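Quick notes on the structure that follows.
Naming follows writing order (A, B, C and D), and every chain is counted from residue 1.
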């Protein structure tokens, strides 16, 4: 299937205008200048498809599901036409040695040029024995595949930050891609699962400009992770007015008030759900009446409970009574000592006579 | 010959109490007390900030009575108070503080700074750091009976003069009299008219009264130097005299600290409540006026203003009476700015006027008072404290201002119509 | 430690420790101060002290006659920032939620935009009093390390809180964590510095008022 | 598929953003600047309305000010798109919708003709070739 992408698309019945429109939307979403849509369309239409290797590690396949079942299969799917997906266990027809061969061939043929997509965390416990493919640990595979990669895309919270496998007490010793690979450009696309448009956006950017999009300090594309859920939430006006749902079935909940008190992690979660939404723009968690879990943030699983408001401390009075007793005891002890000292000074009092005014 | 630093610190440990602890912990260094202190406002020197005058006391408190203070001292973060340091502080605790109480009145966190200065002086005097001038006054009060060396014969000579001039007998040691009248040396020496005035007033009111031969002097330099032991000796004489004569009320003369010593400190010094009442002469006059026992004739027509003695207003609660009395006899009475509760000190109270080396500073601080006078330009100033009066007179002279100062009691008495001896009081 | 872990710690273990030290310190210091006691006043009162102590507790918040002109920055600046702090702490909705969670008490808050404005005004007032502390000869003379330190410790929670709400300087998560941390520092140092005046102020004013009431001096 | 297909009863819709933000007026100036540029150099310009903090009221105001022109182009490409000329000639209001009919992007395009309306030479060539083929078959 070589040749310009536009021809491939045309064969699938996707017109140039449809593609242009798609690129314009993609550019807008990524906060690129309007002219970038056109540039993107022209670049991608003519580009030779880069080789992509997709390695699944300790994961649940939710990320793959998210991408492959995204709302407009033809359009999101055409991103896969832009690339040459040379290895993806879940999707590929090949199996066993055949599959491994495909992987090695792709790596050899495209040395230094292929994109590596990783989903799932990498277990380090028991020398990586918790997750092996073809008798080799994830760690080993990742190191080998990363060696020849031009860039790595860590798909989902597990690959980006360790995710649920890393949740306390982290029995497998799970770590993220960037914990292991230090010498390659890495893009994290966290989320459990991540928003499909984000990965296509990153790919489109890479294809158009040959570079990764601008990243924040957690290596997330700023275009999608630049603002919190709370900033873009349609329920934000209620927060500003101090109107909060107190339970999931009260009047406030019915009126669609802010879910802050019900534990919404929107204010500390950087993601694009509030604007991109899910299921083809149908809805998203907050719109369906549930607070944000913060799934795209590191260690969201251990951040003090999904239903505890952010302003609520975990258990602030745990040591309060003990501290109060200790404080009172210390106070009483000092009081006794002070009174003894004062008493001693008083009993040692020598009545001052006139002569005692002089040295 | 036995004053030592150690003794001073021990006394401070005795007198530090919960209010002092609360006050030191409340101070936020806002500096507002400085703005209320005439020694700061007139010099602009921040060392005269009232709370700063207590710095050694604060350290003693912190190092002796707080756990953190003890630790700080142990690791060298807080210096121990030294004898030299207390010596340096003499100027701040005595020369530049008249115990006027303006700082205590304005402190936003409610610190009674004067209360602390009074207590700090206990330690200063016990460690030998009281100024020579006040020490001399205490010495004379204890040994002779008066800070100005006034003895009974001098009082008797005065009594004789008054009896001759006005034909009113002055009772001495009259048992069972209702009032026992006290004097201050200042009045005996400089303002003899006071005794005559009291005699006329008592006579008109028809009240029984007496002087006491063993306790005629009301001033208490022990309070000013800040030594309770010595103050107690002085106040005990008055208590003994009053109890011996079985009087109902002891009248404090026109003297601020005498009033404070007797009215508020006396009972605490001797450790039991008094068996008699203590009133300032102005309070007594106010009562007479209310009861219709005080009748005056004629009015002063020149421009008069009233200087509130600090111990009478802020530290004593006598504010309205002098104004009522003045209005009885004056047509042209004007109030100075800040008059009453927030009046500015004469700059020589609290023993400060007895400190020779503090005179220059005192005169500088007086400019505050001067500005008050300049604001209303009175012809004469009336006051109710002999010490204020003498300090005002001296300072006015220094600034070459021709402004007579008179006592309120005398002025009232001048308007009491002459009466035949033993005439009916109800005219 | 990442942002969320940091936030989780300051909301959890960190706050436990800070609240613990605060309570311990407050009780210890209150005992230490007020157990020193005072002698009963044996002098006859002019009239019963009555509520003079309570009166003074309230009246001392207002400048006495003539003093506003002499010390305008202290009174106005100080007044504004104290009121501002009270509004921010007690009338900002997320803070009320916190208090409700701790004590079960609840009351209506103010719109967040208004509290936002109050925070800015409060910070401005605090900067003004700081500049005054540097420029005014008395304040500069009196100031020790503690004065500068406690100013910073009081200012930081307001600043970090405001920056967090405004999404300035750092990501919200980090800023919120820093905000809570700065409050924890404030809680820890409060009982052991001049900030303890938040407690002793009432005692001091009460003592002062009682003494004045006893003497019949207006309070 | 729209929400209507699901038996969900929406009790209240999200509140409309209140009033004008004041961000629309500067846009008019920018549009006028782009028009001047178009006249002088022939260069086109685009403003991405989705990327700007505009309230629905702002958009309404803007639409009202720009008015309706003579040409309305409808494009069926994976959802409907409309490219309508405003009363101000050369200013085009471009709205892209997805297959569910939700607005995905909105632009103001300042051009003689919107880019998307123009036929691409490659496509024209394909058209021409197929027409040739058609003719030769006749």
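We take it that a contact is a pair of C-beta atoms (placed from the backbone, for glycine too) under 8 Å apart; a residue touches a chain by one contact, two chains touch by 3 or more.
Predicted model, so just to flag it, every value in this text is computed and none were measured.
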Looking at Cα centroids only, farthest away from chain B lies chain D
The larger set of C-beta contacts, choosing between B-C and A-D, lies at B-C
Using only protein Cα atoms, the chain sitting most centrally is C
In whole angstrom, the CA-centroid distance of chain A from chain D equals 33
Dist(centroid_CA(chain B), centroid_CA(chain D)) in Å evaluates to 90
Chain B to chain C, mean C-alpha position gap in Å, rounds to 38
Rounded to the nearest Å, the gap separating the Cα centres of chain C and chain D is 56
Shared-interface residues of chain A (touching two or more other chains) are 330, 334, 338, 342
By the touch definition above, chain C meets two or more other chains at residues 28-29, 32, 35-37
Among chain B residues, those touching two or more other chains are 16, 65-67
Contact graph of the chains (line, ring, star, complete, other): other
Residue positions on chain D within touch of chain A in the complex are 1, 3, 11-12, 14-15, 46-48, 50-51, 75, 77-78, 81, 96, 98-100, 102, 104-105, 107, 115-116, 120, 122-123
Chain C contacts chain A in the complex at 2-5, 7-8, 11-13, 15-17, 19-32, 35-37, 93-95, 97-98, 101-102, 108-113, 167, 171-173, 176
Listed in rising order, the residues of chain B that touch chain A in the complex are 1-4, 7, 10-11, 13-14, 16, 64-67, 125-126, 128, 130, 135, 138-139, 142-143, 225, 227, 229-230
Within the complex, chain D is touched by chain A residues 6, 14-18, 20-22, 24-25, 28-29, 31, 33-35, 38, 71-72, 74-75, 234-235, 237, 254-256, 280-282
Residue set of chain B touching chain C in the complex reads 16-23, 25-32, 34-36, 40-41, 44, 46-47, 49, 51-52, 65-68, 104-112, 115, 263-268, 271-274, 277-278, 313-319, 337-338, 341-342
